[in-house]
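The same chain A turns up in both complexes below, where it pairs with chain B and then with chain C.
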Partner chain A sequence: MFSYLIGRLISAAVTLLVVSVVVFVVARLTGDPVRLMLPIEASNDEVARVRHDLGLDQPLPVQYVTFVTHALRGDLGSSLRYQQPALSIILGRLPATAILAATAMAIALVVAIPAGIISAARPGGLADGTARTVSLLGQALPAYWLGIMLIIVFAVWLRWLPAAGASSPSSVVLPAITLGLWPTARISRVLRASLLEALHGEYVRTARAKGLSESRVVLQHALRNALLPAVTVVGLSFGVVFGGAIITETVFAWPGVGRLLLDAVSQRDFPLVQAIVLTFSVLFLLINLGVDLLYGALDPRVRLS
Partner chain B sequence: MIATAPGVALPEIVGPSRTSRSGWRLAWRHLRRDRSAYVAVIVLVVLVLLAIGAPALPIADPLDQDLVGRLLPPAWSADGSWAHPLGTDQLGRDILSRVIWGARVSMLVGVAAVVISGVIGVTGGVLAGYFGGWLDNVVMRIADGQLAIPFILLVIAVISVVGPGIEKVIPVLGITGWVIYARVARAEVLSLREREFVLAARALGAPAVRILGRHVGPNILGSIAVVASVEVANVILLESSLGFLGLGVQPPTPSWGNMLGEGRDYLTTAWWLATLPGLALAATALSITVMGDFLRDVFDPRASR
Partner chain C sequence: MSDDRSHLNRRKFLQYAGIGLAGGSLMSLLAACAPTAAPAPATSAPAAAPTSAVAAKPTAQAAPTSSGAPTSQAAATAAPSTAGGKPITVVQAADVPNLDPSRNLVVHVYNVADNVLDTPTYLDRNLKIQPRLATSWKAVDDATWEVKFRTDAKFHDGTPFDTSAVKSSFDYQTDSAAGSRTFFTNWASLDVVDASTVRVKTKAPEPYFPNTLSRLWIFSPADLKDPTVFGRKMTGTGPFKLTEFTQGQQITVNANPTYCGGAPKINGVVYRAAPEASARTAMLQAGQADVVVNLPVEQAKQVESSDQLRLGAVTGLRGVPLMIDTRSGPPLSDVRVRQAMNYAVDKDAIIKNILGGYAQQQPATISPLIEGHNPDIQPYAYDPEKAKQLLSDAGYANGFDMEFHHPTGRWMKDAEAAQAIAQMLGKVGIKANLLTAEYSTFFNTWSKGDYKGMSMIGVTQPDGTAVSLFNLFLHSKGAWPFSWTDAQMDTLIEKARSTLDQTARITAFHQLEQYIHDNAPFLFTWEQKDLYGINKNLKWEPSSNEFMHFWDATF
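Let's turn to the complex of A and B:
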């Protein structure tokens, strides 16, 4: 287990390094961000001064090292608009996004696990057909369009739930359903497939031969083995949920990091954009590392290979 | 390497090709039996024909404004008229026409971006898989690093730097979308590399370019085509999300995404503005997904279970 742990940590560190390079390259795509940061009428002297202040007159490798060492100390630069450290602005908005993402994932798990089990237990049945159609729709429909449809039906026509904002606890319902649709579809699909495969295993035949009830065979013998691929997908879904949050937060005017990102983009607040991308990537990486470790703990075969 | 005498051609050794004519005939036979795939293909053919034929169709100009006839509902509601079958938007523009012209934009972006990603990804993946070693390491680490950044976040960050518009969105989606092709191509090449016909070609002294072009290339096309077909749907959805956020194709050019974004401001008064382009988008994405599943079942029966 220890060498597995070390291996995962090293590969996460390498990935993080690549992420930092990608973010750095994207931030420098235009060549010189100073021109974009300053008003058009800024004088050449002013441009040179800001460039020097930001260290942009240094060679690129030096700039990269500065960027990484600062990032490691938690200094992700300052927002141009708010004139505050980018990280503290992001951390102030993170709870709202976390609540939304967690609710969406909770909905996904509560719906997808029973749906996957029922589908696999009776493949080809009515429940399976319904679940498969819904999961196909869930993977293909644009989430923000679904969000708009939910607003029209539940907020505008029926007036059951608020359409936007985060003023009451019920505000989270529509955005969480919107955001939870994709992971629900994905998780139930993977769980169905892996459970179907597990049910072909010899130990399942043995369990059946012993005369165990079908529900015990499915829930206690097959499900435990089928959960592993589903765990991976749950981890990967977090990335999609974080990404999807950007759009969902815009549709529902939810005051999270996604909205912050779009505001930063429209205000050309590049340091803030860069900091948000880096923060989200680190979060996503940590979640996947956690999933990998969980995976290793659940399945001894993973540790050995 | 064995040097061949000038004028002596190497014997042709071509491996079994999955994309041969009989493969397509087989696909056709399967298609006639799979009802949902059949419907999906018909929907796609109709959409493509509408998109290509838009200039020749007897529909209104998508940019023609009519400030008197603003926000007309679709023809089937009480106040609608058949002059505008799907109603008009906030500037009195014909929605049917805009949806059809929007299809052109969506499909152009989808296909063009997929071609760019496919070329970059397949090249990277094939080289990484065939030559292995440090090249493989570098390509795959970059892929891992990029995957660690939620995709929409990366795209938004790049667009925020380079600016919106169709001429920016296509290359950005094209360049950032390479990872999945690289992974699939690499995996295929890794297994093909050890197959007899490739070993034989190598033993005969065929140069790497020839082996990859004649023996490996044709054999990975099937898998790549399946991935690409599904990716077209993903890119179309992504482009529409960008359009919705105001970062994609810029008005007045109609795209499904920017129509949805504009329609969002009229949810309470004119539901059809956001609903109808979204339906077109959902139908396209759904049809491509169904077709992609079908193609995968036909070309790669192992993956269907």
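Let's turn to the complex of A and C:
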């Protein structure tokens, strides 16, 4: 177990290193933040001077080494526009994204688990058909479009909920629904498939032969085994939700890290982009590790080595 | 093992298809229950949403934004009508990362800073210079100006204002890390004469000195000792005090009751940001906001027809000329070809049908609001026959190929207008290859001079003078690699920008504008109006230079 953890941590570190190189290089290839920061009238001399002040005229490998040595000390650089340490900006916005992601996942679980169970209990029925179609739509509909539709219907017409921003507790509802639709769809489909599989097991036949009620068979016996693949998907969905938050947060003006990232990319705020991508990578890696450990704990057949 | 997949027979297929269609169209139908008025864009260009990373399906997108239904629903519940007690909520298009306007040269930062800080002069709604912290200014000689300041102003922390603050602010705004340095390149020095007087020496004569003064923010000397404070707060002498700055969420400013220019009539202003234009409009329609900026054309029409809201469509200063690159020689270096391009495009039709009428033609470079505008210049008429004639005279009877670069989602209907222009050029034989990019990428490549052919670029003049436009593009020593090299143009520009006598200066600008029109370094297009959505109960008008001043607003 211990050696497993060490192995995972080493591979996580290697992944982070690769990510840092990629984001570092790609960001710098796509544009120049200095031109964007200065007025359009600024002369090329002005631009060169500011670029020098910011250390952006150094050769890329030098800049990268500076970045890595600082990062190892916990200093992920200073945002070019905020003029504050990138990490503290991110940490300030992370709670908002976490709340949104958690609410979205909560909605997803509350909807997807019953839906998956009903679908699998009566495959081919009306409920199953509806659930599967809605699932398909949920995975196909763009969040951008859905979000705006929800705003128009629930905020402008019905005035039940705020249109955008995070000014009141009810502000989280529409963005969480938008963000949660994809994981709902995914989880319910996976649960349906794995529960159907489980219901064909020998032990289910035995349970039925013993005279147990169908609901006990499904919920107490089959479901436990069916939940295992679903746990993996739930864990991975958390990661996807953090990424999908970029669009949802922009549409709903939610004050989280996703919107911060989009804004930073469009302004080529390199230090902030790097810091956010690395933070997300660390989160994904931790979530993946957590999911694998959880799976190992839940399923006695799996031995992590 | 039994088959756990249901048999997909015809009945089940129809069942699923029916459910799918019903569910998927339900939402679209709800939103599109009024007949669509705006034509959907011809291609799959995303609707005006600058920061969207995903292109929406055009038909689904066109439907909601042109519906009349939301406004009739909104009429059922009254917009929040407010007495002086409630602050104004303003929703801008981007977050304020840092309050310092000398390092963050963007209008959404200016709109906060300009209500908290003062400047010696400012531009009123008609773009006329008015005194603010300064009381008077005069040219002592051709290269020296003397400015007198108020003595009754105080910073929000109680410290009295005097001209040492002007000096320290000038030093801060012109130091090596400040982007605002560019505005003061013609100032050689600023010196304190006494507690209420300063002297500025300019390098060359500067007739628009009072306009440059409007760019000089007066910071609190206490703040300048540690400028990192601008990430959290800002102290000024202005009509509003900053009371809250929660990054990503909101900025709150409250009225300063002891403001030297008279206390504001409203309680305060709350600034928020919503990058998505539909969300901004929805906030306005739902009563969550009193002022929203940068409405797209379709949503402007919705706001116009609403009972609770009104559209502030101000003549703006933002033009989008199409710069023609003459560095590669003919055909584009031939003036007849450039004139032909101007005759080939029906700009009025584009303004009416694509921009919703929210723009006016600009046949030269200076806005009608700015001194130097030549009202006698007529735009190139729409005359494709004349265009073909000119092309044939220049030896291009069969037309030619050309690159046409433009961003998408940056200016009003930029991509759609570019497509229309390319089509019209095609009809006279000029095949324009449309090449687009997201704005930062576009601007980056353009500013290096790597774009050949024709490029759409947006220009504006927030200080109310025409001068820097010429410094940028049209003078041979201009900042851009595209610079026009023409000795006559250089002479006309230098004359106009340094004549101190107003009448003579205006005549010089008129001559320059006529020369520019005749030589057509651009395919002249239009100046777009700035579109604001405003709560009908709010008595406030936006300014033409995109600044928002709230000290005279009332409900």
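Simple rule for what comes next: the second predicted complex is superposed on the first by the 232 of 305 C-alpha atoms of A that agree within 3 Å, B and C clash if a C-alpha of one lies under 4 Å from a C-alpha of the other, contacts with A are read in each partner's own complex, and residues count from 1 in each chain.
Rule of thumb we're sticking to: a residue touches a chain if its C-beta (ideal position, glycine included) is under 8 Å from a C-beta of that chain, and two chains touch if they have at least 3 such contacts.
In this text, all values refer to a predicted model and were calculated from it rather than measured experimentally.
After overlaying the two complexes on the shared chain, residue contacts for A:Val134 are found with chain C alone; chain B is out of touch.
By the document's definition of touching, of the two partners only chain B reaches A:Val240; chain C does not. Greater residue coverage of chain A by touch, when chain B is weighed against chain C, goes to C. After overlaying the two complexes on the shared chain, residue contacts for A:Leu286 are found with neither chain B nor chain C.
Within the superposed three-chain model, A:Pro162 lies in touch with chain C and out of touch with chain B [touch as defined at top].
Judged by the touch definition given at the top, the superposed model places A:Glu46 against chain C, while chain B stays out of reach. When both complexes are overlaid on chain A, the residue A:Leu262 reaches chain B and chain C alike.
Contact with neither chain B nor chain C is seen for A:Ala13 once the two complexes are overlaid on the shared chain. Of the two partner chains, neither chain B nor chain C is touched by A:Ala297. Judged by the touch definition given at the top, the superposed model places A:Gly124 against chain C, while chain B stays out of reach. Shared interface residues of chain A (contacting chain B in one complex, chain C in the other): 30, 36, 136-137, 141-142, 144-145, 148-149, 151-152, 156, 163, 196-197, 246-247, 250-251, 262, 266, 268. Residue ranges on chain B touching chain A, taken from their complex, read 141-142, 144-146, 148-154, 156-162, 233, 237, 240-241, 244-247, 260, 263-264, 267-268, 271, 274-275, 278, 281-282, 285-286, 288-290, 305.
The part of chain C that touches chain A in the complex is made up of residues 1-2, 4, 6, 12, 15-16, 19-20, 23-24, 27-28, 30-31, 50-54, 56-57, 60-61, 64, 69-70, 73-74, 77, 91, 94-95, 97-98, 100, 103-105, 176-177, 179-183, 228, 230-231, 246-250, 272-276, 278-280, 282-283, 285-288, 438-441, 443-444, 447, 459, 468, 471-472, 479. The touching residues of chain A, counted against chain B in their complex, run 11, 14-19, 21-23, 26-27, 29-30, 36, 136-137, 139-142, 144-145, 148-149, 151-152, 156, 163, 193, 196-197, 239-240, 242-244, 246-247, 250-251, 261-262, 264-266, 268, 270, 273-274, 276-277, 280-281, 284-285, 288. Looking at the complex, you find that chain A touches chain C at residues 30-32, 35-44, 46, 49-50, 53, 79, 81-84, 89, 92-93, 96, 123-124, 128-130, 132-134, 136-137, 141-146, 148-149, 151-153, 155-157, 159, 162-167, 196-197, 200, 246-247, 250-253, 255-256, 259-260, 262-263, 266-268.
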